[in-house]
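Order of writing sets the chain letters: A, B, C and D. Residues in each chain are counted from 1.
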Amino acid sequence: MNILEVKDLDMSYKTIDGDVEAVKKVSFTVKEGESFGIVGESGCGKTSVAMSLLQLQADNGKITNGEIIFDGKNIVGLSESQLREVRWSGISIVFQGAMNSWNPVVKIGEQIREAMREHYPDKTKEENTKKIIELFDIVGLDSSIIDRFPHELSGGMKQRAVIALALSCDPKLIIADEPTTALDVVIQDQILKEIRKVQEVLGLSLIYISHDIAVIAEMTDNMAVMYAGSIVEMGKTDKVFSNPKHAYTKMLLESTPSIVGPKKKLRSLDGEPPSLINTDSYCSFSYRCPSPDDNCRNRNIEMELTKIDSEHYADKCCINCG
Amino acid sequence: MSNQKDIAKKIRREALKKNWRLFKRSKLGMIGLYIVIFFLFLSILQPILFITGVWNKGVYDPVVGYSEQFQEFLVVECPKEYPTEKYKKRSDCPGRTEVNIRTLFYSDAQVGETIIQNLQPAPPSSKHILGTDSLGRDVFSQIMEGSQVAFVLGLLSATLGVGISTILGTIAAFFGGKIDAYLMRQSDLILMLPTLPLLFIISAFAELQVWHLAVVLGTIGGLGGSVITIKSQALQVKVKPFVDSARITGGSRMNILFSHVLPNVAPLALLFMVFSVTGAIASESVLSFLGLLNIDMSWGLMIYLAQVEGFIFSGMKFWWLILPAGLSVTFLTGGFYLVGRGLDEVFNPRLRDR
Amino acid sequence: MYKYVFKRIYQLIIVFFLFLVTSYVLFDSIPGNAFQNLLLNPELPPEAYEQVIKLYGLDKPLTERVFLYIGNFFQGDFGYSYKHYPRTPIDLIAERLPRTLMLFAMVNIVAFYTGFLIGKILAWRRGSKSETWITVTSVFSYTIFYPWFALMMLWFFGYKLDWLPIGKFLYPEKWYDAPYDSDVIFVSMIKFTAVVSILQILVYIFTRNIESLNLRRNARFAGFMVLTIASLFYWNSGDLLIQKPYAMDIAYHMILPIFTVTVVAFAGTALLTRTTMMEVMKDDFILTARAKGLSQRRIRDRHAARNALLPVVTSFIFTIVTIIDGSVLTETIFSWPGMGQLILQAVLEEDIPVAMASFSFIGIFALIAHFIADISYAYLDPRIRIQSQG
Amino acid sequence: MWIFCIQKGEKLSNFRGSKTWRLILLFSVFAMVVVACGGDTAEEEVAEEAPETTAAPATTAAAAEEVAPSGPDGVYKMAIFSDPQSNNYWAYYDTESDVWTGYVMSGQVTSLYTLSIPNYQLVVNMAGELVETSVDNGDGTFTYNVPVRQGYTWSDGSPITAHDWQFTFDTVKGLSLGGNFLSAYPYLCEGDDGASKNCVVSIVASDDYTVSVTFNYDPGLSTWQYGTAQGPAFSKAYWESIATDKESLYAHDAINAPVASAFVYDKLEQGAFYTWKYDADTMWSGGTTTIYDGGGTSIDWDNGKAPAFSGEFGNTSGDSFSYDSGPFVGTVEYTLYSDQDAAYLAFQNGEVDFVLNPLGVKRNLFNQLATVPGVELVQNMPLGMRYFAHNTRLFPGSDKAFRNAVACVVDRDFIINSVLQGTVERMDGTISGALTAWAPPLTGTLADCQDLDTVGKWEKAISILQDAGWTADDWGEHPGNDTRAIPPTGIKGPNGEVPPEDMLIYAPGPGYDPLRNTFSLFIADYIRQLGFDVTARPTGFSVIVDIVFGAENCKNWNFYMLGWGVGIYPDSAVAFFHSRNDSCGGGFNTPGYNNPEFDAVADAFEAAKTVDEAIKLSNQMEAILFEDLPYLVLFNPPVLEVYRGDTVEYPFTDVLGGLTDACEGCPGVVKTKN
């Protein structure tokens, strides 16, 4: 069963230089208990997608088109109070940069309890505290942390606490938006394992967002590759990895070192992502396409996902290039 | 080389353009800017009117001008009880062309006679668009003069104050140690002195002209709290990588100070400057209002004169003596404040809405 | 650590010493002196002036007088007032201080609170039309020419509408048979206000751990009501029953000054709150709070405002320092004989002992306030608490 | 209500969570206000309980209750602008405390002679007669023996005797009291340099009711009748034990000090209000004073409690009017308003009956108050003048022709009538025109130029300079009355002296006195039209005083403008122009005027023993001054006063100096209406 279904989502920001179309015609589905990955360069719209799901985009951002069907209900256009019910108890999120996710002047436990109070108003403080301790246990934190202030915790502890926070209201779907960015590698690994474990133990759905395709490979069942606001390739993670179709996916894969398998020459991603201001729906990757092939560099192909095989889709533009 | 300079120039121009665009987006900042420009226009207009001869100095001079406006007044005796046939309220007597016999002193006129009397303070007319004060001087011209005083005072003291605090603040941040400790204690000292009484003391000193006052206000402002703020900003700049790289590439301390640290403190200093203009104008007005300054003309003095002459409680009957000056002080300081707000949004991205 | 504290205190003493010297030299350099009027009265022989100058030692050179004064100062001898001989400056300050404290503590709290509320709303309504207009209004009420405005308020409410008294802090007729001096009443009022504030804060602190929002709200309300009723009983018992009508009279006279100053002073706090709130709202934890599904109000009050409080409280504390000297205009216009008027008079009359004592008082007060500012930082921002411990 | 306010912002906002809560809060605050304000019953209880809690004033309160019905009731309310500095007359009289202290000061002293109001006739106070001639003791000292009337007591019951005067003088001399005591009882017989000075040698009670005042010279009017004989005398019985040293004497709280008047202190609330109440036991009430057009006064005092007395003083001819002395009010209240505007608003509201204001109401406020029902207006001339001074030590101020030319060219009438709209009165000499007997005829240049128009004045001024031998490259011309003159160029003094450039007129700024400021600007312009480079410089009052009165600066200025307030006895010309008072030596003769002829007349004036003689000499002095013009006397603004005609009534309102200056609001004679 699909816990989340995103259909033709368009989202744009108004800025001083014009409208930025951060998300363009994005569609994907996440099944219950499944983990779904979104990968792409910085600024490709990954985070915007995540924010759209919770409708937490900045004030100047607006969903212009599309549907987000969560748990059988379209949450686009819901009122603020209806949304508040969805948030955290339906979809919760682990933000990138855990250090900034905590209010520096409020104790950790209080910040978690605060969310629980909002969604379970009838619970007593003791019940809430008990639950927090359980969650801390799951993510590997000591219960004494409840009474600590955020700055008293290390980065890894904070991130674990953030995960505990995300779990506190029994969400059906967790969005993990680059949860390990600011952490050192060893901690990163621990956190990833933690997330994976939690997801499996609690049977949650997970959307994992990262620029690191290796992490995606490790963490997710299905994945989508985003470029300039659009999904350029999507499918079962192993299928995408074993048989990348889109030139951009290939480039991403080649830019990542692998410690297993044969040695390959690393390729850097040439060029920069295009500006997202006032773009049309035509191929935006063409000018970065490494292939000299005219067909590949043709800007006039309309972007649209095409089916490669079951559970594997890729964009028509720049397909089979490079 | 010259090419590089051009590029640098172009970048600067671009940055300026961008900042201007950002500023323009701030509604409040623009309102403030319009107000400031309006008063600037007023202060420039007055000398132009004098030079071109549109205004005669003898009549329109804000300080020694005198406009002769005599009028016949009917001597009446105000009744003790109201309403009467002629007067509804007691504020109706004496009317515009009447004079209450009880207030005549050097006159033998009887009730029913007419006497010729000076009309000062005269209400607005085509000749004096904001009327005249009780000494027959043109109020509009005074507002313009006051505007000049406000700009001279505000800008001079703000520039001086911010100049001092920027240099001292950067030095304190950059050299640290004993110099820092000394400067900080100096700021403490200035902050401990209560401002208004301090100004009373200073205003009691020798003849305090506008620019003296500007220097005094600027110095006090420049040595006080703003040094501390600028210092903390400079400290943040000091640890930025480009300062390190400048040091590694062998820039002298002075060079680094002036070409790297100072320019990065400048926006904050500019902001300070705009806000201290507000403070300087307000200080002058308050001192003038208390009758403690010896300057020829200013907005505060206009209100003070209206007050000591007893016009301030006449309701709105003599509004031209009270409102223009009072509103000018409020609006110009408010204008500068709004400009400061606008600049704040330009320089502080966290304040921008998008 | 000790070394730091020691160094800091040592510096403070030097600063204070310099402060005294600077102030004295400043006062002395004002043209003329306190006894100039003796010199200007043609009916008096010149000896009258010479005698008094000698009596107060004003004929001695400046340096000698400065060091004499500072020497006496640290022995607790502030001399006699020139103008109110033989009253001492301390005597005068003790008489004036309660009045200023009572009025301006109230004024500042009300203005600060109003400003903070409005600032919160402004920041939250960012970009709306009402925000623009409220901001413009705030800016102009912040920059309005205060003395003029205060006079107009006095005229409007005191004379035109005749709702509130015109200046003063009491109606003389009510006090003809008063068994107390007004200062006694002022001190009781200050005591009462302080105790009630502390109790109210205690109520807040004790209820903050109640989990249910409703219960917490009700508990606080109950606390508030209990305090209200208790204070009613308090004022209706024993000695205070006699004081009550006089306290009421003073409170009634406080309404107009408080209102006037609030209109002017709230804007400063409001604008500062707006700025800091807007900065804070860009922080990630606000996003987290929104994602958690918290209500807007709760995010605003609990997260944004709480973090924006720090600079606002700093400015509040610095405002308290300027209570005493900044009150000059208000006290003059509203005929409220407090410290501000004392300082103004002392400076204008060149009553150096009184002026010096008042200045030093303000200086010491400023030092204490900075100390309080440090403590409240620590309370409001746990990050600093840790640093100060370590 | 305080609870409501002490909330920290963030905390109260939590309270405001629910709307119902807000309602409850509002209601509770409202309820509090209602409960608190509706505490009428409580206040009644207070009134009963109050006397029990106060131990000390209980007796006085009881006393007041007993006799209250016999005394007058009614409250006379006056506004004051500044806190009195002391309630002790000794301290007040020494340190020259401000006028406000004087207004609120109770009548702790008496005197031998006094002046009757409103005509300022010298009359007896405690003396049995006006003693005008002294006894030459033959050793260079002269003694006045003044009888003191018998049977009068201080308010504490101790009799007023000659010993009070002796005690006062001994205390003043013994404790070296200064300030005004030095003026009333000049006890220093030796200067710093050892030279002998005119002084009071002794004051002794030759018997219980005769005061013998001995001088080491034969004093004239200004030092005897208008000086020592009007000096204060304190109650020996009360003060003797206190007057041990200066500090404890001045520090004494005089709230219970005996008075020689009908009012005693009641409630003194520092910074708020001060009240006097009628002393039920007083003998100081009643009496009729009759004022004659001839300038004289007769007193008829018989109230049944004090010995009856009657006497006639001065020229008691012509029409007359009489008034009874009160008091007619039971309480006199002084309420403090630190802001004048607030005081006058309160006055308009009827909260006070009279505003004590030595400077008077400003013209426009006066006009407005004229329209308030029940408000009565009073206009009087003050004693004083605003003047423009030359420094006669420096050229060109040293040149008599220059001073005359300036006096001629400055069109005071134009400034007064046009610019200042006739709000002030022109003055020519140093003596107020209101002192009709003393005012001299106008002579000299001022008289010559008086009726000329603007052009005429300028031409006359130029011709004065030319006649005195001044030269110029070009004497300029005056095109007409409506314009400025084309000033002379290259003007030089009779001996070829070139006037300095950029001479300054130090004058008060507009903040201190707009009238003088305006005048200074115009005067500078007029003098510029004579070809001199003169600028008016608005300057702080203290700065001007430092410059022109400081002995070390006496040659550092050219012109200045200030004002003098003077006493009722017009002897100030001596202080201002006698060469021994040169400001280079620390005196009041700021222009450095030095004219032996004037000095001689002035010396004779000081020794004059009768008013007629004094007037003759005074006129001579003025005539010399009209020739030499060291001062150009400018104007004098009238004192405008207002009182609530619907609540109070004065027996007279036309009095030199106004009601504030003359009788401090006249609490003793005012009547309240119901």
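Just so we're on the same page, a contact is a pair of C-beta atoms (placed from the backbone, for glycine too) under 8 Å apart; a residue touches a chain by one contact, two chains touch by 3 or more.
These numbers were taken from a predicted model, which means no experiment stands behind them.
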Taking each chain's centre as the mean of its CA atoms, the one lying farthest from the centre of subunit D is chain A
Leading the contact tally is the pair C-D
Provide the C-alpha centroid distance between subunit C and subunit D, rounded to the nearest whole angstrom. 38
Counting in whole Å, what is the centre-to-centre distance of subunit A and subunit C, each centre being its mean C-alpha position? 53
Starting from the mean Cα coordinates of subunit A and subunit B, work out the distance between those two points in Å. 54
Multi-chain touching residues of subunit C, meaning two or more other chains, are 30-31, 126-127, 151, 155, 159, 213, 306
Pull out every residue in subunit B that's touching 2 or more other chains. 204-206, 290, 307, 312-313, 353
Residue ranges of subunit D touching at least 2 other chains are 341, 345, 540, 542-543
Along subunit A, where are the residues that touch subunit C in the complex? 54, 56, 59, 80, 83-89, 92-93, 95, 97, 100-106, 113-115, 117-119, 121, 123-125, 128, 149, 151-152, 165, 169
Parts of subunit D lying in touch with subunit B, wherever the complex brings them together: 341, 344-345, 361-368, 370-374, 377, 379, 417-422, 425, 484, 508-512, 514, 518, 521-522, 525, 537-540, 542-543, 638
In the complex, subunit B touches subunit D at residues 58, 63-64, 66, 68, 78, 80-82, 90-91, 93-94, 100, 102-103, 105-106, 117-118, 120, 134-136, 203-208, 288, 290-296, 301, 304-305, 307-314, 318
Sort out for me which residues of subunit C touch subunit D in the complex. 30-32, 35-48, 51-52, 55, 82-87, 95-96, 99, 106, 109-110, 112-113, 116-117, 120, 151, 154-155, 158-159, 162, 166-170, 172-173, 175-179, 181-182, 192-193, 196-197, 200-201, 204, 213, 216-217, 220-221, 224-225, 227-228, 231-232, 235-236, 239, 241-242, 244-245, 248, 251, 297, 301, 305-306, 309, 331-337, 341, 345
Which bits of subunit C are touching subunit B when the two form their complex? 11, 14-16, 18-19, 22-23, 26-27, 29-31, 126-127, 132, 135-136, 139-140, 142-148, 151-152, 155, 159-160, 271, 275, 278-279, 282, 322, 324-326, 328-329, 343-344, 347-348, 355, 358-359, 362-363, 366-367
